[in-house]
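Two complexes follow with chain A in common, the first pairing it with chain B and the second with chain C.
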Partner chain A sequence: MIRVKNLSVAFDGPEVVKNVSFEIGDGEILGVVGESGSGKSVTALTMMGLVSEGARVTSGEIYYDEELLLKAGTPRDNALYREYLGRKMSMVFQEPMTSLNPTMKVGKQVEEVLSLHEAAIEETQRESTVPSGSAVQSDVKCGEKVPGKKRKQYRERKEARKQKVLEALSSVGLKDVERVYELYPHQLSGGMRQRVMIAMAVILHPGLIVADEPTTALDVTVQNQIIELLKKINQEQNNSLLFITHDLNLARRLCDRILVMQNGCIVEEGITEEIFQNPRGEYTRKLISAVPGRTGKKKKLRKEIGKALVEVRDLSVFYRENANSLFGRTEKKCVVRNADFSVYEGEILGLVGESGCGKTTLSKAILGLNKMITGEVTHHSNAPQMVFQDPYSSLNPSKTVGWLLQEPLRAQGALDPSKAMTEAESRAEAIEMLKRVGLEEKYFDRKPSQLSGGQRQRISIGQALITRPGLVIADEPVSALDVTIQAQILELIRRLQEELGTAFLFISHDINVIYQVSDRIMVMRDGRILEIGETCEVFEHPKDPYTRELLR
Partner chain B sequence: MKYLVKKLATLILTLFLVSVLAFLAFQIIPGDVVTSILGTEATPEQAQQLREELGLNKPPLVRYISWAGNVLKGNFGNSYRYSKNMNQMMPVSELIGDKLPVTLSLAFLSMIFIAVIAIPLGVFWARSKNRVLDVILNVGTQTAMAVPSFFLGVLVTYFFGILLRWFSPGRYVSYEKDFWGFVGYLIFPAISVAIPKIAMTARFLRNSMLTEMHADYVRTAYSKGATERQVAYGHVLRNAMMPVVTFLGMIIAEIVAGSIVVEQVFGLPGIGKLLISSISTRDFPVVEILILYITFVVIVVYFLVDVLYRVIDPRISTK
Partner chain C sequence: MKRIAAWLKKQNKYLLVGLIMTGLAVALGLLSLVWTPYSPTAMSSAERFHAPSFRHLFGTDNFGRDIFSRVMQGIGTTVTVSTAIVIISAGAGILVGAVTGYFGGILDEAIMRITDAVNSFPSILLALVVISIMGSGKQNVILSLGIVFAPSYVRIVRSEFIRLRDADYIMRARLMGVSKWRILFVHILPNIFSVFWVSVTIGFNNAILAESGMSYLGVGVQPPDASLGKMLSDAQGYLGRAPWYALAPGLTIVWIVLGFSLLSEGIRRGAISGKREVE
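Let's look at the complex of A and B:
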């Protein structure tokens, strides 16, 4: 179907894709797995002719059904690509939010694929169905004689296009398609948007679909649905699928064959199960072991129950919602309902749930950042600290690492003069913490921009721990990191928890991460805590149907 | 509905505040209208008489209330300076009503030039990959923006009026006598008003388009097999218009308030010219109403921009 031969791509600097060769067979699902920066997206975009102008193909060729699409040294043939894109090969992107035009109705956006290729498709149909061409000629003559006919034809064609769009929308599992057709992207949920993207990709039954991290931005349950949908389409339309992901579990569920990429090279290639059973390359082995799984070594980690550090009693959190009518009162919307739990000394309590379920709101309320609450939060330890999700934006880029680490100490000293430290003392503390989170002293004078994502998250954790709080709330601390880094950070949190005895409230949408790190877990949905219990207990005997769904 | 009521309330409140400020300003500004009308030779009795005639002997608050009451009733008062005939001063409404069509027509024509030229130019510029063209457009628009408007007016007069003889400079044709002659004359001041604004709008649109072209949905459009042109006009333009619309709104507000310099250069009896002359002669009733008019126009234009925003971007209305 598709053959990529010795492909190398470079931007300004060195090659980001190096000598990559692979083939995708008819109806095959090929997975490309790798961490960010491994060149998997660039490979796909180059294949699709969508890579930015700055990229140069330095070597290699790409064939589609034995037809040459792209060759190094010759400029990209945009006209040829336009003929192929949408009709013979199409793409589903990662961010369904930004990948759809926000100011265009989704129906129109799907329809655009049809209108762009309408002329070409008709031509091929005419060639195949009417060999003599006489019928066509008479048709044109009629059109000339009766001007009204042309308009009628146009209207019929438009109607037919719309019909086809509606069919495509329902084929990807959307309901009430007449209404969806008229909606704008922001009026759809993430899952629905991705379905629209898929409808767009499959409407002309292309031979190849490239899906670049199509589920990464979605919640777990929606993720499952989208994976099932892709599988179904692959079986029904029998088109080839190139599935790009950083998530090995997903690749394992969906793909027939897998390529593993690292630093622009293919380091391993093979049948999915074979790779998972006995990976040959060291990198692949590392990747597989880094995936937070639910198998293996889970021993009973909890020691005895300490005293409660935070007690949350019947806590509900509200948001003000603006009234829609002129004289309507602004209403309070309940985001967290009747939460009731405690975090005990020295434990890691995992909080799992999908986006929008109230996890972050709950954690803010515990910290006292949200004032519109009913119920009670009692703290039995000194000020709890927080670790945020995005280590890129949560550290002040203009300060040095040392300054950032000392900051909580300064704040503490300002609040409570008895705890004030001299510069030398706080510096010593900061350096000690730097070592604790696994960084050398030389990082003290660096700026966050000189650090990798994982290193930055280490700094964030150090910042949270430097005042030795009893409790740290970590809100999705590993979600923005690559799998191997993720594993290291989880390891670090576990170690620090044991060394310092700090309790963690660990928030994540990823049930596997939660399993790896937590002593107890708490499952949340739509603002309610559905289930709370020992990790092993919940995983082995989930009580709530939603937990079962998450664990699937 | 709630939105409209809110906007209307803001409009009324702003007009009220501006009217108070405008009124107050003339209490503070030095200079006496009576001296300015009668000259320094007048006797104190004459001055006192005129003062009473104009109602200037009453306390400011009383004067403001009676003035505001009259304005609400649609009675804008009489000019201090312009007379209608021997024994009656010119009502402000007539005075302004006379000049308003000139300024509004000029504004309308300029806006047409701006919209028709700047938008295609901006799109074309954003799409062009020709380095030389880029430099030419860059320098050209920069120059057009930098040249002071009076000089531009002089250039336009020289080029179209004296070299090409397409119109007779200084021979303004009244719209009451010859409407098409009036439009023909207005084209040239409109060009002078429009040129710098076209340059600004085109630059602005180009930058906005270039930013927008990196958006994810643009890549999606290409992945459907759309041509560069289809992507630019079908997807990017509408999204790139968002900031440009605000900018156009500012321009409209500015032009409708009267292009003072251009009106002066081309001898147009418009609002801008009236404003200058009434300020210098302390013709308060005229100035106050003009200030209210400008405020009104600015707010209404911004309201329209806001509405247009909602039309362009469906995300706004639901938020």
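Let's look at the complex of A and C:
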């Protein structure tokens, strides 16, 4: 189907894809797994001819069936690619929020794929040869001036196009397609947008679909549906699928064959189950073991429960809509309803739920960052701290690591003169914390921009812990990290929790991560807490149907 | 020598050229305080309208004064006045913009409407109104242009503070118990540098042009003091007879504005590339 031979790609610096060769057979699902920066997306984009102009293909060739698409040393043939894209190969991107045009109705966007290739397709059907003219140009002609007698024909063709779009939309599992056709992207949920993207990708039955992390931005349950959909399309249309992901579990469920990439090289290749059963490469082994699973043995809850650090009684949290406009009525919307729980000394309480279920709102209310609440929150320890999801926005970019670690101590000193420290004392404290979170002293004078995501998250954790708060709320602290880094950070949190006895409220959408890290878990949906209990207990005997769905 | 060449090569070109151009202008301005080739105010009826020569580098004007000496003095006046304008307007912009942007609410609404009102007048006209109330003179030009330019800084600073006030790291600073003023000026302010710097550059150039404009209109620096704008206005009547009279101050303005733009672009690029250097 498609053959990539010795492909190397470089931007300004060294090669980011090195000598990569692989083939995808007809109707095969090939998974490409690897961490961020491993070159998997660049490979796919080069294959599709979509990589930015700054990239140079330094060696190799790409064939589609027997046709040469790209060869190192010759410039990219954009006309050829335009003909192939959409019709013979298409792509689904990661970010459903930005990959659709926000100013166009989704129906029209799907239709555009059709109309762009219409002329070319008709020509192929008539002559059954590959057309030589540019598909785009001929379409402009037929759209601009329609002679009188051809008008009827034109209208019929338009109607047929719409019909085809509606079919495509319903084939990807969207309901009420007539209505969806008329909607704008912002009126759809993430999962629906991704379905629209898939509809665009499959409407012309291309031989190859490249899906670049198509489910990463979606919730777990929606993720499952999209995977099922891709599987179904693959079976029905028998097209090949190149599935790029960082998530080994997903690859395992979907793919026939897997490539493992690291630093631009293919380090392992093989049938999916074989790779999982006995991985040959060391890197593959590391990747597989880093995947949070529910297989590890769960240690029992500590003997006795300490005293409550935070008691939340009948808490409801609201937010104001239209709060930023001068006129216009503000409406109160309830985001969290009647939450009732406690966090005890020295435990890790996991809070799991999908995006938009109110996890973050709840945590902000506990911290006092959200004032529109009813019910009560009682703290029995000093000020709780927080660790955020995005390592790139949670550290002040204009400061050094040392300054950041000392700042909580300075703030504490300013509030409570008895705890004030001299510069030397706080510096010593900061260096100790730096070592505690697993970084060397040399990082003290670096700026956050000089650190990797995992290192930044370590600093964030250190910053939260340096004043020894009783409770730290960690809001998706590992969701933005690569899987091996994720495992290290989880390990770090567990270790620090044991060393310092700090309690954590650990928020995540990933049930496996929650399983690994927490003593007790709490399941949340649509602002309600559905279930709360010891981790093993909940995993073995889930009471609520939604929990069972999550655990599936 | 080789070392210096290597060092120069490493520096960014914008910074280098900008530094040389502004440095030269500022040096001339400073020098005029202690020494000028001729007295900038000494008239000589015998030497009216002499073309540029080695005796008078930029020629002489209608009173026989040496234009080069007057340009030197003019640079001093113009640069001081525009720097003062930038300091006043940018300072006010930071204070007001930071407070309104961070705290929001009624105060923010009110101040923003005031800045809208100020913005809706042509700036020179508004400055003229202020001057007609307070009287002309160097200080009043500085003050009035400072007031007129402040709203644009307020807007820029405010929007940056709004963008950053809900950033994760600011939220965490609040949780640590950092005081409000410290959050404003220690945590947020350094992060708006690159955006703010661009507006300072544009503001400085605008201030030079505005000061020249005011002097041109005759309400700025008063004779016999020299200012580049005033010289331009005086030269207007003799454009055909003594084109060098207009060219000298005009090109000097271009020189300073261009030099400062390059300099600040260099600084901005330096700041950005500093941010990018990942291990």
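We take it that the second predicted complex is superposed on the first by the 521 of 552 C-alpha atoms of A that agree within 3 Å, B and C clash if a C-alpha of one lies under 4 Å from a C-alpha of the other, contacts with A are read in each partner's own complex, and residues count from 1 in each chain.
Note that in this section a contact is a pair of C-beta atoms (placed from the backbone, for glycine too) under 8 Å apart; a residue touches a chain by one contact, two chains touch by 3 or more.
The model shown is predicted, which means the values in this text are computed figures rather than measured ones.
Overlaying the two complexes via chain A leaves chain B and chain C side by side, clear of any clash. Of the two partner chains placed by superposition, only chain B is touched by A:Glu112; chain C is not. By the touch criterion stated above, A:Thr378 is placed in contact with neither chain B nor chain C. In the superposition on chain A, contact of A:Ala414 is made with chain C only, not with chain B.
Look at A:Pro397: by the touch rule set out above, it reaches chain C but stays clear of chain B. When the two complexes are overlaid on their common chain A, residue A:Gln153 makes contact with neither chain B nor chain C.
In the superposed pair of complexes, A:Leu369 makes contact with chain C only, with no contact to chain B.
This overlay, made by fitting chain A, leaves chain B and chain C with a least C-alpha separation of 8 Å.
Note: residues 326 of chain A belong to the chain B contact set and to the chain C contact set alike, using the contact criterion stated above.
Residues 109, 167-179, 182, 187, 190-191, 193, 275-279 of chain C are the ones that touch chain A when the two sit in their complex. Within the complex, the chain A residues that touch chain B are 48, 50, 78, 81-87, 90-91, 93, 95, 98-104, 112-113, 116-117, 184, 186-187, 197, 200, 324-326. Across the interface of their complex, chain A is touched by residues 1-2, 5, 215-217, 219-228, 230, 234-235, 238-239, 312-315, 318 of chain B.
Those residues of chain A that touch chain C in the complex are listed here as 326, 367, 369, 383-386, 388, 390, 393-399, 407-408, 411-412, 414-415, 446-447, 449-451, 460, 463-464, 467.
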